[in-house]
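In the two assemblies presented below, chain A is common to both, partnered first by chain B and then by chain C.
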Partner chain A sequence: MNKVVKIDIDGLECIANSDQYIIEAARENGIYIPTLCNYPGVKPKGGCRICTVRVNGKQMTACTTPVSDGMRIENNTEELINLRKSIVELLLVEGNHFCPSCEKSGNCELQALAYRFGIMAPRFPYLFPVRKVDASHPKIIKDQNRCILCKRCIRAITDEKGRSVFAYRRRSSRVEVVVDSKLGKQLTDELAQKAMDVCPVGSILVKEKGFITPIGERKYDKNPIGSDIENITITKR
Partner chain B sequence: MGQKITIDPVTRVEGHGKVTIHLDNDGNIEQTRLHIVEFRGFERFVQGRPYWEAPVLVQRLCGICPVSHHLAAAKAMDVIVGAGTGDGLTPTGEKMRRLMHYGQVFQSHTLHFFHLASPDLLFGIDSDPLKRNIIGIAMENRELAVQAVMMRKYGQEVIKATAGKKIHGTGAIPGGINKHLSEEERDYLLNGEPMVNIDQIISWSQGALDFFHDYHQKNKEIIDRFIEFPSSYLSLVRKDGALDIYHGVLRAVDSKGKKILHDIDYHEYYRYIDEEVRSWSYMKFPYLKEYGRETGWYTVGPLARMNTADFIDTPLAQKELEIFKAYNNGKPSNKPMHMHWSRLIEILHCAEKMKELLNDPDVLEGELVVKGNKTDEGVGLVEAPRGTLFHHYKINEDDQIVMANLIVSTTNNNQPMNEAVNQVANKVMKGQPKITEGMMNAVEVAIRAYDPCLSCATHALGQMPLEITVLDSQNNIIDSKHS
Partner chain C sequence: MKNTITKTIAKYHKDKTRLMDILIDTQEELGYIPKEAISQIAEDLHMSEVDVEQTISFYHFFSFQPTGKYSIYLNNSVVAVMMGRKEVASTFEQELGIKFGQVTADGLAGLFETSCIGMNDQEPAAIINNMVFTRLTPFRVKEIVRDIKEGKPVVDMFRASFGDGKNASELIRSVVSNNIRKIGPVLDPFYKPGEAIKKIIKMKPEEVIEEIKRSSIRGRGGAGFPTGLKWEFCRKIEADKKYIFCNADEGEPGTFKDRVILTELPRLIMEGMVVAGYAVGATEGILYIRFEYKYLERYLENILQKAREKNYLGKDIGGKKGFNFDIRIQFGAGAYVCGEESALIESAEGKRGEPRDRPPFPVRRGYFDMPTVVNNVETLCSAVKVILNGGEWYKSFGTTESTGTKLLSISGDCRFPGVYEVDWGFSINDMLEMVGAVNSEVQAVQVGGPSGALIGPNEFNRILGYEDLATGGSLIIFGKHRDLLTDVVLNFTEFFIEESCGSCSTCRIVPTILMKKLKKILNARGVAQDIEDMTEWGKILRASRCGLGQTAANPILSSIKNFRHLYEEKVQKNKTFDSGFDLNAAVLESCEATNRIPNI
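Then we have the complex of A and B:
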């Protein structure tokens, strides 16, 4: 049964509902826990590990761990920030993320996190993988250079029967996310746009729309990622 | 014993170049070459990328005039999205792009004249290299240095207001532009607080020309007689023959002013222009097919534009063009140092144009983008600060670029720059027992007149390490000099 619980995040007493995950409860209390694979309204997966927090001393993913009464959560510690930063850096070197010409620049969550963490250059060597751009779909382009395999598209973009329009293909280091050859045919303009919006990076692009938003009006041009959550005014319950 | 002198790298040009001067046993010039040690991979990088990405991607070729590449690519993409061939955009689309371009040419020319060229003019070609730079200018003539900085800043602010960023923005998109000018942006640029306003900018631009005329009077040797050789000239002109740096038809005139390319539609440039590859340079040598490799080469840039245009459609710059034309007896100027003069006339023209556009209501509101029937091939040309810039793309049915061909301004000027080096080397080095710093700078001054963009802008300011190596005919080093 859903009940009100008290949790502690970095020494701040917060009130939450027992059916919430830590990341949701934190959000409602004006606390930002960074994430890439989590998306509001979509079943959490705990894939990217960027939302890792310490729950009663143990490392857990905030997007898949439900709150419970009396939980002590550490979020904004040096250790966790450094861990999250490392994950972002690993993602940057693992793909081919060329922000200067990417139309998602300014709206990209990976780029926004890199800015938030003050990453000037990754500490790891670039892998420069050879990846393809699949432009064969009439409505969208799937640029594998930028895919971080977060599965947001697979989980969020479904047809009316609930079947995923995007799917995993191959295994291990060769794994990639592709448009399902049959279901993809029915992709509406609306769903294509939703897929692009859901993708945290520039791996899904709606054709012929690039750079339509001027610099200055893009999502993260004025405020860093997470600031919308941190600026919530919390009314005492 | 034959000698080979290498000047490497050339300072105060945008990027890297290397000059070799081969002397024979008697100290006579046997051969001179300007080598370009850049390699551009952009024609390959863009392959496979979606076509709308090209204007943003290819502008990374340059940090000094990215807007030129941005606009040339966008114009090519206009053709691909069926928005017409450069004059089919909405008034807002075209005017915002023009404003961006005038801002860009203004700032680039200002940078070149004040920061890169004026030290030679003010202090002399063989003056102390420690003083012969923009810092030297600032020490000597503070007012001029402040103007230089403020004028460049103004151009950059215009770019920011139209493209979103001062360098590498995103304003132009296939079929138009992605923003209007806001009223605040317009007022900021027109009225100028806390910056200088557009009227001040125009008057400083006129002041720079007055400064030049005065200098010219006293220094005819360097401006008129330092280098002179016959060349053909090529540029865009408006259909009615007016100077137009954003759009028009392609015109070329020979050294005496006879039209040799008759206002052609630039989308068919490849029917008239070819490029030759020479083993000793990465940079190709373009030429007019009709006249062949030997005589078909031409000069582009400010001087070419003054020589091809019949008139200028802004009053102050038109007056200056009349003075220019009268001085050259109504014939093309074949004096590369007149490039500086031409550049200043264009600075004034751009300032007048910016004022006109900032007062135009179309930049504040109106349709941004227009599209029509899609095609799979597009050519876009603009007059970049350094000259005619060609962009040519083909796409496949999936919207991916499959072919790109770029002929950049500096490539167009390859042969004339080599001619200039040859002439100056012959003049100052011939029969001289020792190569001095002043002689080397004379060669650089000749190259610098063309304001070549040799690969990137990282070494734009001040004195770079300069290395000369003198080699005998067997390539043994017999002398080497570092600055």
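Then we have the complex of A and C:
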């Protein structure tokens, strides 16, 4: 069933496999489409909406939409860049993000996107929610102030029996991501580290470990987010 | 308690996908879902506890704490407020000595708010232990509370005679009224069940689909997708199993026509599901009904049983070899978004009602990832009439683009609220005349519920139809004396905030920000720029996954468009900037937190 198809991204003709999502096809063609809730190898759930593109004129999320032959995709338009910027700003005002005191600073995808988009201050008023930090689990800290509710941890972290360690709780603006009290206690070191790595922000932190890589030498301190993908262009084309 | 839970889990064969039913039964038996129950359910279904809890905490009618021997859910919809909810609410609080969200110290009664319960034509209304109490007054509330204190069973608390039609039947016994005010082909009381089944079994499934296509009927659930095409897509996909869902979630505030069909013509709905099943090759139907209509459960189950006895359901239906189809009822548990077709399916699979990413659409991958047709109650009922009388006949009603008839749920400031079946193409002016509203006293009409549009008199000549004002059928009339921004727009916006599933960043955050802006304007702190901001920021919502988020700014955007003067009157003329920060309120808050006495 898997066949080669041609798609058009912002006027550039791209080759893709019919079993790929737009985001994957774009990446292979050296085109960066910003994402937050997407994580390689984990079933996509178009939650953050930041990868919104226009497919044949219609707004769709690139992480959940499979490519098809002849698709015309708009990516870097003024409208979409403004939308993505506003989503980053929305996430910033929704929680409490004090970067200077955050262990994830420099490795945080939200922060990196804010830099990439040149956000100085959000256009929206801060919501300053009152949120808790859950430090009751032996291996991890779950800081609700920083959670952007992207569900990456929910989708990626299960115990050996396939049971979810993390889950949503409630709905609407009251939704939060919580840790199972029993499974949270049994979390192995590897799984705790994986959870921290999966989290795009500093909401899941492994306990008793901090600032191993100094600030200034972290992933996005060196290169803007997405530049790894965009640099492929030069070598590949 | 352990025994009860074990029994409940066994009743649903320890099937994780029946979690909704397990939780509904547990909630009903124990009045809440205690910690021990969650542990046991998690254990038996091989899930983690947080996983069970994420489903529980999604639905309004599930609770981690006892909700009282009598759980009172008072509707807080726009029309309830217009019809005197405030006095009713305060009387409940006074008589019970508790506030909303609380349970009396002795555990006797709990008092809660709830979104529109589908009784807009008989508000204010409340649900008490699954029974609906309509047309409440402070006087009536006092009677009810007296009865509660005496420990009367809920069914003995009614004072009025039962409602009209089947509402009074032995298996319903409810005070809800149908208020059917105009009938047409769908609401025809002389409908004879089984005729359409007899007819289709002599046809090929493709011929059934052809007839539906010929009628040009489009979905009545709001999105207006051509029904024949939907069935054809599903028919053409090869799969081991296919499903038909009847969407009776009816959560759009102001809609109640599906409730009336469920009460008066349930056999028509079931026949519609059988017809759809035959057409697409499905063997199982699921009738998904919102929790608010649980009082119809025994009645509907009985009708299903009778249909099985008559061989309208089951094996070799109507004597046709190999034509097997049966229906089960799935109740929701309080979540408007579950009306969205893919959320409906998620919910029926026992999960949170979060819409799926589409594509793939349910016709390709629906219930258990199998091809699934989701249709509204009214769509399926109309399909039966199309089969009986032909697509050409059906097209003789309505307009070219909107064929057939439409059931309207009309409420608000008019003399005769209720359900009306009219031909598509009916104008708003005609509608107002029909329901006994005096045109000159009408300020606005909300067409299509909160996700639709708020229009003023200059647009009352517009017509109802997919080509002009598309609607799932909810029409709410507001008189001149109503405060549109506070009573309508703010209420609708709060509704969307409460009902968002919370998984899209846009839908989870933007409406709250817009509501704060709106409140700022209502508190006389707004400036002209705030109107522009709302217009601009509202557009972000279009990037949301489902229709809820995409339309969540409609109350604000459509009122800015059509009633801009209401906003302009309220913003400050002499200022271009106001942070909206209220120093006094902030001082009060901080004093409260630090236990100091404010000096203001």
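Please note the rule applied: the second predicted complex is superposed on the first by the 232 of 237 C-alpha atoms of A that agree within 3 Å, B and C clash if a C-alpha of one lies under 4 Å from a C-alpha of the other, contacts with A are read in each partner's own complex, and residues count from 1 in each chain.
Note that in this section contacts are C-beta pairs under 8 Å (C-beta built on N, C-alpha and C of every residue); 3 or more make two chains touch, one makes a residue touch a chain.
Nothing here was measured: the structure is a model prediction, and the numbers come from that model.
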Exercise. Does the chain A-based superposition show chain B and chain C clashing or fitting?
Worked result: fit
Exercise. For chain A, which side has the bigger count of touched residues, chain B or chain C?
Worked result: C
Problem set entry | First (chain B), second (chain C), both or neither touched by A:Val178 | second
For this session: Tell me which partner A:Glu208 touches in the superposition: chain B (first), chain C (second), both or neither.
Result: first
For this session: Give one of first, second, both or neither to describe whether A:Asp159 is in contact with chain B, with chain C, with both, or with none.
Result: second
For this session: Quick one: classify A:Pro100 as touching chain B (first), chain C (second), both or neither.
Result: first
Exercise. After lining up the shared chain so the two structures overlap, which partner does A:Asn2 touch, if you call chain B first and chain C second: first, second, both or neither?
Worked result: neither
For this session: State whether A:Phe124 touches chain B only (first), chain C only (second), both chains, or neither.
Result: second
Seminar exercise, completed: Superposed angle chain B/chain A/chain C, CA centres, nearest 10 degrees, is 120
For this session: Could you say whether A:Ile87 touches chain B, chain C, both of them, or neither, answering first, second, both or neither?
Result: second
Problem set entry | Closest approach of chain C to chain B (Cα atoms, Å) | 13
Exercise. Residues on chain A in contact with chain B in one complex and with chain C in the other?
Worked result: none
Exercise. In their shared complex, at which residues does chain A touch chain C?
Worked result: 44-50, 52, 59, 61, 64-66, 83, 86-87, 90-91, 93-94, 124-125, 127, 148-149, 151, 159, 161-175, 178-183
Exercise. In the complex formed with chain A, which residues of chain B make contact?
Worked result: 48-50, 52-53, 55-57, 60, 81, 163-165, 168-171, 173-174, 178-179, 398-400
For this session: Mind listing the chain C positions that touch chain A in their complex?
Result: 46-51, 53-54, 57-58, 335, 352, 357, 359, 497-506, 508-510, 512-513, 516, 537, 540, 542-545, 580
For this session: Using the touch rule from the top, collect the residues of chain A that touch chain B in their complex.
Result: 100-101, 103, 133, 135-136, 141, 205, 207-216
